[in-house]
Structures are given as structure tokens and as C-alpha cells.
Amino acid sequence: MTAAPDAPGQPPPAQGTPALAVTSLTKSFPGALALDEVDFEARAGEVHALIGENGAGKSTLIKVLTGVYQADAGRVRFLGDEVRFGTPLEAQDAGISTIYQEVNLVPLMSVARNLFLGREPRNRFGLIDFRAMHLAADEALRDLGVRVDVTRPLRTLGVGAQQMVALARAVSVDARVVIMDEPTSSLEPREVATLFGVIRMLRDRGIAVIYVSHRLEELYEICDSVTVLRDGRVVHTGRIADLDRLRLVSLMLGREMGQVREEGLTKFSGDHAAAGEPVLQAEELTLSHMLHAVSVEVRPGEVVGLGGLLGSGRSETAKAIAGALPPESGRVLVAGSEVRTGSTPAAIRAGISLLPEDRKAEGIVPGLSVRENIALAALPGLSRFGLVDESRIDRIVDTFMERLRIKASSPHQKVGELSGGNQQKVLLARWLAMQPKVLLLDEPTRGIDVGAKAEVQKLIDELAEDGLGVLLISSDMEELVEGSDRVVVLKDGAVTAELTGDQVTEDLLMQAIAAPLPADAGDGAGTPPGPRKEAGDD
Amino acid sequence: MTELTLRRSELDRARVLRLLQDYGVYAGVAVLILVNVVLTPNFVSGENFRTQAVQVAPVMIVALGMALAIGSQGIDLSVGSVMALSTSLLSLYLGYGPWIAVLVAVIGGMVIGLANGSLIAFIGVQPIVATLALMVAGRGLALVLLPQLKDVRDPGMATLGSGSVLGIPYLVLIAVALAIAVAFVVRRTTFGRQLLAIGDSRPAAQLAGLPVRRVLIIVYVVSGALAAVAGVIATARLTASDPTSLGTLMELSAITAVVVGGTPLSGGRVRIGGTVAGAVLIQLLTATLIKHDLPPSWTQIAQAVVIVAAVYAARERGKR
Amino acid sequence: MKSTAQLGRTAVRTLVATGLSLSLALTAGACAKSEDDGGSKDKDKGASGDGGQVVSSPSAGNAKTCTIDQFGAEKLDLKNATVGFSQSEKEANPFRIAETASIKAEAKKRGVKLLTANAQSQFSKQISDVQDLIAKGADLLVIAPLNSDGWGPVLRAASAKKIPIVTIDRKINSKACKDYVSFIGSDFVEQGKRAADQMIEATGGKGEVAILLGAPGNNVTTERTKGFKDRIKAKAPDLKVVFEQTGEFSREKGQSVTEQLIQSNSKISGIYAENDEMGLGAVTALKSAGKKAGDVKIVTVDGTRNAVQGIVDGWIHGVVESNPRFGPLAFQTLDTFTKGEKVAQDIVIQDSAYTEKNAESDLSKAY
């Protein structure tokens, strides 16, 4: 399918020559250096994995490559020529196509219209030649092994098929570089197989594919080379075959295997005497594309870590337990009695409290005062006949501001004006005022300064000692390992391992994260050193 | 050094804007009163104050409900049509006596509010779209029920419309009582706090386990009820039910009163005192221009200027 | 996007359901009981023959006329013809109600088949209404136009089929006797002049008066204002128009504006309201300000029953009629025309007036 009249006229570059290369690329945002002297090269006829954890700079790099952002410094060479794309359209016209997680096409238009949007074949009256367009669209899709009625509106297709249309469009505009941002995140396994077939076809045609994903299996299956970003810098680049999984994970997370560490860098004190019946039991939680029969147990006084890479289903597990995401199946029990799933109020009434990952958007109510934020969830209990009991609120607010050492000019200061650490403490206070049985902490120390971090960690410890069950999610390996009594490892939305007792070390955790998915999700064969979860191990 | 002074002046600017947004409306009212005291004959008279208060009462009552809707990060465009529906129902049920008729009218407004709230809370329709739909439907329904203007001769309604106690018209007393009640609800009740939290950050409120849907539905039911009361009041004052023209463009006047009163359109904040003052400001502005026989188009232009100024102050402050 | 569309559909469904249940709940017929149920004395007012129109011009023979030969159509017998009537606005005010009722009553009386349509104040709907009427087989058309302009395409279609058209109450900017036959209507400038005469008589030609203007940008407003002011200037230079504010033809606005006026100007001796509703609003305002009947002279235009009753009660000095009962005259014109005789191109009707002398006796003529 080479009907595009506006495609660059050159023949495809020879396999292996650089299609898109950047040198010393730097981009900063107010208060943050997103890309720091990044060198990166995608070669023709190669699938290049671009990976990194949250905030590593992947998306910034992609946005600079596609003209969304302008780099502060550095050079971009495309097919050997230095270029500078001012807008995404310029990049697209030059031959760089991007396929996002969410398909950016027009859902109500037909498949064919979407394929040829902006460059429709015309008849001699200057009108769209629908017959020619439908034929060409059909051919282009069949080329990719997709058979659909091209006159149907795009939205009537499945997500996978829509992605194929996006791909077909990318191919038919004669792209030289195709960037894919987590293309498989919402696909069924069968669709993934089709997608990979197409990617291989693109590669064989001499197109450079830049592939962003968090699924290690996929990377090893489809990619030829890999670049690992961390904190805005390239920490590794090379052939993916030369890099074992464990090494890859340790590069992403920035933790060395066997690294000798001083204990006590975090404020966690070590093990807690977890005893008695589980206070929280999540059983077989399932959410389409996100969670597959995830089970977790927490006992009173225990801190259970949820380990895994970005996108492994950690936050989704926490949200499903807290009622913020409705699971399709599975149960949640608190102290032995079942909680209605999919309802935040029900979960809260049962004693589950969630400190969400996105503190600013989902946690604090920025325009309200510290006082109102702390009292927010507990309000009905602090009211009589719908009237707020101000003096009781004052007492509770004073207690928690003192106990959690919240620094604010007064209880009436707006929460939005506080530092991240103090905002997090306000949220903790909000939940502690509810006297919860279980605390779900999703990245409780992300984005807060060192001092506050230590304080929050110490608080988590104290709370566990007081008998609360804590489920801790953290991308900080050190925090996870030192803070948790047990760590449950998630991968692609399923529990793949559990580390207990002496096994809770960074080395073993990284091995568990890097281990390939077992062939059968329910079976532990060939999995990491950590023993599989045992039923009722108390 | 220069940077520091720049910062300082920026801070001063922010503070001025903040003061302007919070108290500008009161200053505006004061200025207009002063201007009229000097320029308008018979302005300082009980009769004139009564006239202005009576005329502003319906707008003020509608604006109270609008303030709640805007505070929840929504809006209620159906208020004018609810007034029309209210006057139709009132006229239709007056045969049972004024109390029953008023009750039916207010329930009618609450039903429209319930429809608004359900669309918004359960189906997730944007408030502007949901209430626009009910704005069209409500006016249509009002005209089906009562196709043309009809005189109201009920003595009870006449008393409501023109009676007074200690020189204060009943209509004004009702409006003031409602304003105090709504201010109390916003400040002192669980509902009020939850409303503000939902308006400021709905995801956070949801995760904090707040009854988001219930609160939103109550907001629109209350707004509908208040608009219906305004419809009753306007009917009593006119001694006629006129569903063709009653309440037209009321939603704009109410939104103006709320915004001018310092309630940001982005939600999370409700200023009842400011809303009342905002309604008074618009009333005085209109009255001034009419009394001095300036072209009617001036009123619209003057209102536009006030709105732009208010929104500008709010925006600048929002940037911070 | 998919989900949005679905949401939209669900929303519409809910809305429709809500709307239906609402109307059911609210209109549950037997429940409603308005103040004057049982005494439906106002029913079929306007349909009655009294108060029918009289032609004021052309009185002289020099006015332009039209015959069916000039127009190019064939003679026919009105009795066997189908007449289409296109109304511009919803029958939600006395004028439109009386107008439509009068057309229907006259058609019934003459035994003519009548097709009707209402444009609900949407010009595009009126255009398609007229096209529909033609398609349904109307041989003759009576149109109450919403606008004066924009009739080109429809009129061309009608004249191609040689369908004679009479427009009532508002004129169309097009060629008489070619695109349409005749226009029957009031002279709004003349109405303003006659209102001025009444005002001069009421005030003795001295003092200050106010005008409650109609909706801005409406030709009725501009013409009724022009006639009034011109006549005052010519006949009573001592009478000053000191106040002109719009009441938008609504009672509520008329009331509000009058309240402001009498607060700040106690010397006002007369109010000219450009329709009855605003005048009635002014009456309400005067009453609640503690004024007595006759303190301020009110003159209005239209001739609705409420306003004429106002004269009887002493609150309104005079009402200039704008007669909506076009039925008899419209059909008479069509009859004459289809027989092949001459009709005038512009038929201006003689509007009567109500004063304290005839208000009580002619109350039944008011609509």
C-alpha cells in the first residue's frame, strides 16, 4: 500500500542504518530535569525497546521525537538529516507515526475514512472517491492480516482491530519510524499475536519501530535492542539478547544485585509481630485487562508489600479492595466478614482506608483547609442531625496535627498550599480519624522530601505496631523491602510470587520481578526462589 | 533584589485581586448606592428601597440554588423554565387553595431538579447539557399546562404579593429567610462540607467515601425547589401566571449574581453573602439605568462589563 | 467516544421517560383545578362574529388593485376550494388566539375546507409549513407571516402553481398581485397616532409622559413609537416624552419598569404602553405604589378583554384596537378575487378604539 502521494520520495533505508537518532538531548520543566543529555538511536529494520519506570523520561523523549515538545538542547537526526519538528503534524508528514495506548482516530467515521483521513483519493470532480478508498483500505488491512468491513464506523470494531487500523494508517502513510506506546495494554492474547506479526512485517520492510512496554515477556519476544532510561538519563543501551531479565530489572529500578547496603537508611524498624486471623482477605479479584484472580491477605500488625513493575496491577489491586474499582469477580473480607465490592463507602465502613497513588488529584481536596480535609471522611460521625459538631472536629484535628506532626500555619490553611509530605500526613490523619482496620498505602512517600519521607515511614511502622493491617505499594525497592514483613509480587495483573521472612531482600525481589511468567498462571513451576503462596501460612 | 521586589509586587497584586473577588461586589453595591443617592431623585425613600428589594427577590432566590450548583462544579440552566412551570402549576391548582397550589408548584420544581440530578449523578451527563435539556423540556411542559397568561385573583396570593409586616414586604422576608437558611446549610451542615469537597475535587471526594451522587441530586432538587419558589413569588407580585415570558434569561441573571458575588465557576466554594450582594448589584445597575432613562441596551452592556470584571478577577487569582 | 454515544442515547431515553412521567404526573387531568373552573366564559371568544373588521382604506379609488386575470390564475368557486392557513406564532397570546379562531370560524361558516399549520415562531418552520400546505392541495393560502423578508423561494413555488395568497397582519416584502394578491392588516403608525390623540385628550396636552416600548428591533415597536411621537410633536408640543424603556411586550417587565419610573419621577402624568400586557403591568405597579385609578393616564394598544375591563375599572384611559379578527375580511377578499372581481392590493383595516364612553358596552367585542 503505497498510495500516499505526499510520502517522502526516497527508498526505504537499508537495514541497520540509523533512522532516527538523537544526541545530547536535554529537556527540563520548571523544577524538574526530564531528559539529561540523552543519546538514543533507532535503526531501520529493528524493533527498539524503550523502557523505564515512572518519571524515567520515556514519554518526554517520545514527545520530543514527535514534535509535541521542543528540546532545550541536543540534536535530532532523521534519515541522516538534522531535523526539528515544531508540531506533531510536521513529524507525521516527515514519516514518524505514533500509535498511542488510546487510539487517536475518529470513532464515528468509517474504517476507510480513518485510514485515509486528510488524504482521501479524489475523483475528477474533486470529491472523495469512495469506491477507490474502500478498495484501498480493504487491501491495506488485508495486508496486515485483518479482515473487517471497511465501511463500518471505527467504533464498532474491537480495541485490537482499532489498533490495527491505526497501524495500517501508519504504514500506509509510508512511515519510516513507528512509535508504539504500550500498544498491548488493552489487547487480548490473540490480538497481541496478530500485532506482533504486523510489527515483524514492518521490521522486515525496513521500518524502525520504537516499542514502549512494561511487559518483560513482550520485550524479549519482539524487540531486538533496548534502551533503559532512569531519572532522565540513559543507563543502558544495547542488544536485548545480551541483557538478562534480572539485569534489565535492576537497571530499571536502579538497584544493584548483591549490593552491600547499610541497614537503617529507611525509618522502618523491621519485623512486626503479626498475629491472629487475617484482618484483610482479598480473594481472586479479577478486573478485565488489569487483574487476574489476585489474592492477598493481611493480618493485624502486619505490613504486606505489593511488589512489581509499573502497570503490574498494584494500584488496581488496592483500588479494587477499597471499592474504587469494581471487580468482575472475587471477594474482599475484613476481619472475616464480606464487604460489598465496588463501593467506596462500603469499604470505608468496613474499615478499609486507601491513600491513593495520585495524592494531588485523588487524595487532597486542595481548596479546603487542613481541618476540613482531615474531617472529610469522618464528617457523618462528627455530626448530629446533619449539623457539624465543630468542637469535636477541633479536638480530632488538634490531636492528629500533633500526633502526625503536620506543619501548617494553622488548621485553616488550605491543603493545596502545604508541602507534599504534609499533604500526605493530612491524608493519613483523615483516615486515622476513621479508626480503620486496614490501611492501603499506594506510593505513600513518592514526591516528598527526605525528612518527611522518613517521618511517614516511621508513622507506618507505628501504625502497624498499634495493630493495623497495612498493604504497602512502593516503587522504591528499599522502602518496600525494609517496610514489609511479606512481599507479594504482581506481574501483568497476577500474583507470581510471595517473599516471606528472610526472603524479603532486594535481590530476591528483583529476581521475582524479572522471572518469566509461568506457563500456567496457577502453577509455580519454574518460578523464582521465593516460595509460592501457601494457603493459610500462619 | 529586583527579582525579590518583583515577587513582592506580584504578591500585592494577587492580594488586591483576592480582595477584589471577595469584597468587590460589596464595594460595587456601595458605589451604586452612593451614585444614586446623589443623582437619583427620591432614591432615599422607604418606598424605593422596598421596590428594589421586591424586584430583586426572585433573582436572589434563584441565585441561591445556582450558587449551590456552581459550588458543586455544576450549573443549573433550567431555573427559568422551572419558574415558568411553577407559575403554570400554581395557576392550575389554585382551585384547591393557595397552600396546596404552592406545594404542587414547589414539588414540580423539585421533580425537575430530580431529573437534572439523576442525569448528572447516575448517567454522568454534563450538568450544562442535562440542565439545558430540562430547560427546554420544562418551558414546553409549562406551556402545555397553561398556554397563555392567566390572571390570578386568589386573595392569599395577592397578600403574598403586596403585603408586608413592619414595612417589609413578605416577598423580601421570604428571600432573606431563604438566604440565611442556605448560608447556614453551606456553613454548618455535613451536606454543605461535602458539597464543597465534591465541587473542589470530585475524585478525591469519591475516594474519601463521600455520598457524591446523593449530594449532587440534593443540590439540583434544592435548586429546582428554590426556582419554583421564585416562580411563586413572581406570580404573586404580578397577580398573573405568565409561562410564556416568566423566567426567560433568569439563568443568566442568576449565574451573573453568583459569579459577581465571588463564587468561582470552578466549584469548591460557595459565597452566599456575595451572591445576595451580586443580585442586588445587578438590580441597582438596572434600576439606575432605567431611572435615568438610558437606552435599554446599556443595561446589557453594563452587565457584561461587570461579569467580565468578576471573571477576570477570579481567573487571575486562579492562576496564582 | 463509544461510551459517550451510548450515554447520550441513555440520557435521551431517560429524558423522554422523565418528561413523559412528569407530564403525566402533572397533568393528571382530573387533579388540576384552577381558580375559575366551571365558569369557562372565556371559551371561544374571538370566534364570535362581533368585533369583525371594517376596511378603512382604500376609501379612494386611486389605490392599486388586483384581479385574477392580472395574477394569472383561474377562477374558482371558494365553496369548493381548499384554503391553507399558516400561523406564525404559538396561540399563546390573545391576539394570536383570536386571529386563528376567527379564520377557523369564518371557514366553518362558509363551509370551506381549511388546512392549518403553526410555525411556533420559527421562520424555517413557517416556510416548510407553507410548502406542506401547498403539497396537501391548498388552492388558496392565508399567511400570517413571522418575517417580512425571506419569502422568495416559497412564493415562487406558489405562483408557479398559480395559488393566490393573502397575507394578514404583517406585509411581505415582495410584489403584490404577482407573488401574492393582497395584504390585509393594521397600520401600526396610525395606531400610535391614535394613541397619541387619546393621550393628548387625557392629559390636556400638557405634562410629562412615558412610553413602555415593545420588544426591541420589532417593526410593531418602531411603528407604534413613531406614530405616537410624531403626533405628539405635531399636536401637543407641551406634552413631553421624558421616559422610554422597553417592557418587551410582557406584563412582568411592564410592571418592573413602571415601578422604577414612578419612584424617581412623581410628575409623570401619562403612560403609553405599546401593548395591553405592559399597560396591565403598569396598572399593577401603580396599584401597589398606592396610586388611585386615574392618577396616571394609561393608553394602550391591542384591545384585549383585560385591558378594556381596565377602562371600565377606571385604571386605563383608553385602548386603541389592533383587530385580530381577520377571518371575515380575508375570506371575503378571496371570494371576490376568485370570482374575478377587483380587490385592493393593500387593505388597511379600520381599528376601533375603546374609551370610557364605549368600554362597558363594547366589552364583549374585546378579545
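Which chain is which? They are A, B and C, in the order written, and residues in each are numbered from 1.
The definition used in the following text is that a contact is a pair of C-beta atoms (placed from the backbone, for glycine too) under 8 Å apart; a residue touches a chain by one contact, two chains touch by 3 or more.
Everything numeric here is computed off the predicted structure, so don't read it as measured data.
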Chain pair with the greatest number of C-beta contact pairs: B-C
Innermost chain by mean C-alpha position: B
Farthest-lying chain, centroid of Cα atoms versus that of chain B: A
Whole-Å separation of chain centres (CA-atom averages), chain A against chain B: 45
Centre-of-Cα separation between chain C and chain A, whole angstrom: 68
Distance between the centres, which are taken as Cα means, of chain C and chain B, whole angstrom: 34
Numbers and ranges of chain C residues touching at least 2 other chains: none
Chain A contact footprint on chain B (complex, rising order): 188-191, 193-194, 196-197, 200-201, 203-211, 268-269
Of all residues in chain A, those that touch chain B in their complex: 322, 324, 344-345, 347-349, 354, 356, 361-368, 372, 375-377, 379-380, 383, 386-388, 430
Contact footprint of chain B on chain C as seen in their complex: 7, 10-11, 14-15, 18-19, 22-23, 25-27, 31-35, 37, 90-94, 97, 213, 216, 242-246, 248, 250-253, 255-257, 259-261, 263-266, 277, 280-281, 284, 287-289, 306
Residue numbers on chain B that touch chain C, as the complex places them: 40-43, 45, 47-48, 51, 55, 89, 91-96, 108, 111-112, 115, 118-119, 123-125, 129-130, 133-134, 137, 141, 143-145, 147-154, 161-162, 234, 237-240, 242, 244-246, 287, 290-291, 293, 296-297
